[in-house]
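Heads up, the thing below is written out as structure tokens.
In order of appearance the chains are A, B, C and D, and numbering begins at 1 in each one.
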Amino acid sequence: MEKILAKKSFPQWVKKLDSWRVYIPRKDEEGRWNYFEADGGEVSLDVLQTTLPPKKILFPQREVFLEFAKTLAGNRETLEIKEVLPEVKPTVIIGARPCEARAAWMLDEVFGGEFKDVYYWKRRDQTTLVGFACTTPPSENCFCTSVEGSPHSEEGLDLLLTDLGDRYYVQSMTAKGEKLISAAKALFEEPKPEAKKQVKAAHAESEKKIRRQLKDARPIAQKLKGMFDSPLWDEESMSCLRCGICTYLCPSCHCFDIGDEVESPSPLKGQRVRTWDTCQFPDFTMHSSGHNPRPDKASRLRQRLLHKFQYFIQVYDKFMCVGCGRCITLCPVGIDIIKVLDKVRDHGA
Amino acid sequence: MAEDYEPRIVAFLCKWCSSAGSDLAGVSRMEYPPNVVPIQVMCSGSVSPLYIFSAFNKGADGVLVSGCHPGDCHYIKGNYYARRRLNLVKKLLEYVGLETQRFQMSWVSAAEGTKFTQIIKDFVKELKPLGPQTKLRRNP
Amino acid sequence: MAKIEDLKEEAKKLLREGKVKYIIGYGAGSNGWLAAPLFIKKPEDVDKLVWDPTCVHNLVRFLVDEKRRKARQKQPDKRPVGIMVKGCDSRAVVVLLQEKFIDRSDVYILGVSCEKMGVVDDAKLAKKLAGKKAKRVEVDAQDRFVVTTEDGKIEMAAEELLAERCLECKANFPVIYDLLSGEKTKRPLDKPFGSLEKIESLSAADRSSFWKEQLDRCIRCYACRSACPMCYCDECVVDSINLAVTADTTADEKAQRIHWIQRSAESSENLVYHLVRAIHLAGRCIDCGECERACPLDIPLRFLNKKLEKEAKELFGYEVGFDPALPALISCFRDEDPQDFIR
Amino acid sequence: MKRTGVFICHCGINIAGTVDVKKVAEELAKHPSVVHAEDYVYMCSDPGQNLIEQAIREKKLDGVVVACCSPNLHETTFRNAAKRAGLNSFRCEIANIREQCSWVHKDKPKATQKATKIARSAVEKVRQNESLDALSVPVTRRALVVGGGISGLQAALDIANTGFEVILVERNPSVGGHMIQLSETFPTLDCSQCILTPKMVEVSKHPKIKLMTYSEVQDVSGYVGNFKVKILKKPTYVDPAKCTLCDECTKVCPIVVPNEFDLGLTGRRAIYIPFPQAIPASYTLDDKNCPDPFTTIACGKCADVCNPKAIDFDQKPEIIEAEVGVIIVATGYDLYDKENMAEYGFGKYADVLDGLQFERLCSASGPTMGQILRPSDHKEPKEVVFIQCSGSRDPENHCAYCSKICCMYTAKHAMLYKHHVHDGQAYIFYIDIRSGGKGYEEFVQRAVEEDGVVYLRGKVSKVFEEKGKIMVWGVDTLTGRSIEIAADMVVLAQAMRPSTGAQELAKKLKLALDKDGFLAEAHPKLRPVESVTAGMFLAGAAQAPKDIPEAVAQASGAAAKAVAILSQDRLFHSPTVAKVISNLCTGCGMCVAVCPYDALTLKDGKVEVNEVLCEGCGTCTATCLRSAIQVKNLTQQQVAEMINACLGG
């Protein structure tokens, strides 16, 4: 389904979505963009890249799996375990970038498949993603086109909105998307043929505006297979601080840790929780023997790149990088994934 | 604040002076509110800032650290280190907005059962109007 | 800004003669206006060194990596590492010496004086440019900033762009060095802790909500402690892991893991984490501002550390990072230390 | 540990009256690591202790918590009971629910709740306690006494008389200290030398005492029971075995320097005997003054005239190493430096003297053979002004403290003066008269009543010379009159200071000093003769100004403390000491700096604990940023769980 939504009707549409929990990017006083719950207030349309991708909504940083408590009745000790599944209201994420939606589509692969992660899918099934095509790249480090994405990619999205000046061109890819349109039918119009042309042009134009480029991503992925022991990793990781910025803020990184948070040892009471974790932390691969197979920054940088550009491809035939550029923009020491992969490509050449 | 609100206080008492002073309060059958649970440490100098943060994190409404008077430390100078370290802790907690009354330090000698009693009475009295501590507390 | 030709000459000589293993300095960043850490092993690469107000990083942090690397090697190369330091960074070297983390012979200190300048604050710059992207930031002969954007050059007065910490700097030239580039220009400092006044003047309740709002953003990526040269512990006390286990560590010891706080990024846990970090940096933080700069969520961490720096000065007359022979702030006391807070 | 037993004492109604002990036992039984919980009317009674022993055996308990009275009362009782049942005594902990709970609260439910928390907290602690054995070290049964004044002599004799060996080190050529310089002693006016010399002789003849004069302690290492000391023996260039005390050498020696014994009132030669009764009875060639620093040639005349050939120019300094179990420091005092009292003309006018100089003038063996004469013109002074608190009790300009003995010796000086110069007049300027002590007040009264000493309450404002007199201006604060005395002599009761070099020695011994530089005692009231370091004791004025009987008493006290250690084969020490988690330690040394006992050292970038020196205070624990140092059985992990237990429920 394809429609036209006048920009001035956009806030009205958001208001109409009152049976959904609506997340939308908003700028705070300090100029930081982030996803907030839309409380019917102002809806801003000149969205730049948010610091945290919408991953935090689909895959929250902390999630309770179960609650446990020991009780003593007479002489019988019982351990009570209660599964805690997220109670999720239908949710819409408006303003997701096509790359971020592509990342959600990757998370779907990871948390789906043969073993479905019920916690993830409880949320995911209820979530509708409304994307904005990037007619202006939201970050100077965008490189989606280099990793098989595009500023108007539909993958993972339910709706895609493209800015056509005073109106949006709305494409619906799924039934979920259509439901959003039908929530405020009156606001949408049928597109005229020239609008279709315009949108095509806008999409083509948007691709040209992407400033950064990684050449030959697929051949690089091939080449990485032989570079496990390369001294390159050591050199490139020299300035790494071993913080978690590149991975925590990455829309596709999804590693986690599961641990028990004991509230009281007597009587025993607590929760089992899942929290984000990252391969960039030195304890990520720490064995209880004290052995750490990735003992240094070089091996951890290598892991990040190989996961995204080799292992993931082997399993899913996709890059686990959507080219949003957050890891480049926010790295405190300027480690640039494009430059590192450039070096991989040119290595030994 | 609700009338029946009872603040929870953890008191780190040094073994040689303050815990002995608290014992004296008992021997003298003085009375103070039962809101305080004592933890005996060897010296006020051994009280790590982590203990204080942790106590608040685990739900304490007030934390007291009590040691020997300056010059009387069983370990010569542990209380001087405590005084410096915990002054910083107090300033930091106040700075992040914790009410100043919630963290207290005192010098109580083995002979000062009365003083110990008074400190606890005052502490409870000062904490009551503040209500439960929620800032550092996990799952308040 | 100082010229660093003399420094480059010395760096080349050091590398040529093999007197240093490598040199940690500043090079052009790969992306944007900001310089980036540069590791130089060959004399011919020395010309890649840059020195401008975008050299914000405290490279002393990389001495921690160097020590870890050496610890892993069976026969470590014992030659010193050359390192470029600003005034603030040099005080970090002093603290590492004070804490015996490094030995003076481990480093060859290439000091650069900020003279009348300092480094650029990226948030201030972003605000000034309002969406425009800077390509270069330079200083002209009149000590004014010249920012090059796509639309041309913009001039700005130093105070408008300098990082807050530079405006409150106590050491605009290195306090310890083997070679110094630039002048030892003293500059007046009327309010060394002026930036704290805004928070200090708030009521307790307002301070509480200020910090809650700030720290609730924390995602515990630990960029703050990762960027900090003083956070050199192999295992942070707030981590409920036991990184430092060896084959000899007993099961009992492994089980004795203190859960001071949870890993979950919740209000209380974030606050306690940052409190622990602040108290552990009391008398050690030299206000290089790296924690705050590294933070992707822009939490004003510097205000936490600066507060304790202020208290250390006012309560105990303690100033950090000038004398490696001084005991640590919490490893000493004075008979007259204040005790008006004690009952 | 998973098998903890909890025993709750009723203490009659002392606990059970306010705490529902059954409820506490019930609650504690729910704890995952508690396998046994019971209450009993008197746990400390034999049947009560039997219950504990029985439960340990039957239920194979690996930890015991007794919730009862303060650990100060019955911790040992219950630990012994645990031990009898085969449990390590350090796996027994006390939860104080009487003094810190039942006795101070009235509300039964609340007191019960609190008692439960206290007991739970003890369970958390004991759960993680290690089995420990008391540390023990062998004892070297020998003492070192530093300082040969009255305190050192007394301490050495007291120890030697119990049969232990003593090394007595004195830095001067003779023992005797300041007491040997005194004329007569208050309040009995017996001759100081007459009562001291027998002790000096006894020391030199004692088979258990090795006397090392003209020697200094250079270095001390080790710990209680096992100190290693290095003593520097300076060359005297005279063999005491050969010396016949003929005194021919001094007659030919051309070098004259001020005589220390007479405080510069006379001179001595470069080769000299400090005073006739010196012990050891021998001469010393003072190599600071011979050869003459200007000519740098030793004339050798002394050796030429020495018939027994006792002079040996080839003597060299020697370092003597010794092992001792205890050390007594009795380094005494010096008088406050003259330089500091220019306001009283001290050092400027020959007839302004300090107390010790006046002692020499009064002494029958002194420079004037016991006649009191002015140093300037050898005339008998007819009016003498004594000024008390010269440098004492003056926090702004001098010493803040009271030197304690000056009131008494000034009264004595005035009295002795009157005994020598019957028609003379003595004036004493004072702030207060402090005459606490047996017979002391009577002594002062005697000075006033029998010898007509005029006491003037007030401070002297100015002392200056005019027409051969020393003018003293002051104010009598009792009458408000200003006073002007044209005196022939002024005697200043100078403040007592720690002896020169004491600070340096304290550093070598790692002893703490108080703010005035005197050696710090372990506790100002309860441990006045012990230093902060185990096995080191303090005697005499090195610790604080004191008079002879006090110094002797402290010396005997220190000796008794020393003997208490020496009389044991092994020393036992609490094993709840610090331990280092080596992988976490970065060797920053912060803990080393705070340890009050120097128990921590850095070795190869890691901290090491000397368990015998560690007292387990835990200040290191709170200082360490990485929790790399912990006190056994009170680790941060344990405290963390205790905090949790105190707040739970």
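Throughout what follows, a residue touches a chain if its C-beta (ideal position, glycine included) is under 8 Å from a C-beta of that chain, and two chains touch if they have at least 3 such contacts.
Being a predicted model, the structure only gives us computed values, none of them experimental.
The interface with the greater number of C-beta contacts, when C-D is set against A-D, is C-D.
Look at where the CA atoms of chain C average out and do the same for chain D: the two points lie 47 Å apart. In terms of their C-alpha centroids, the spacing between chain A and chain D amounts to 71 Å.
Mean C-alpha positions place chain A and chain C at a centre distance of 31 Å. With centres taken as mean Cα positions, chain D sits 34 Å from chain B. With touch defined as above, residues shared between interfaces to two or more other chains in chain B number as follows: 49-50, 54, 77, 81, 85, 138-139. Shown for chain A are the residues that touch two or more other chains, of which there are none. Residues of chain D in contact with at least two other chains: 594, 623, 627, 636, 640, 644, 648.
Chains touching one another, given as pairs, are A-C, A-D, B-C, B-D, C-D. Interface residues of chain D, counted against chain C in their complex, comprise 128, 515, 581, 583-584, 586-591, 593-594, 602, 605, 623, 625-627, 635-637, 640. Remark: chain D residues 70-72, 96, 98-101, 103-107, 110-111, 113-114, 117-118, 121, 512, 520, 522-524, 532, 594, 596, 615-619, 621-623, 627, 631, 634, 636, 639-640, 642-644, 646-648 touch chain B in the complex. Residue ranges on chain B touching chain C, taken from their complex, read 49-50, 53-54, 56-57, 70, 77, 80-81, 83-85, 87-100, 104-107, 119, 122, 135-140. Here chain A touches chain D in the complex through residues 70, 72, 264-268, going by the rule given at the top. For chain A in complex with chain C, the residues that touch the partner chain are 30-32, 51-52, 61-62, 140-141, 235, 238-239, 241-245, 248-249, 257, 259, 261-262, 273, 275-276, 278, 281-283, 286, 288-290, 295-297, 328-330, 332-334, 336, 339.
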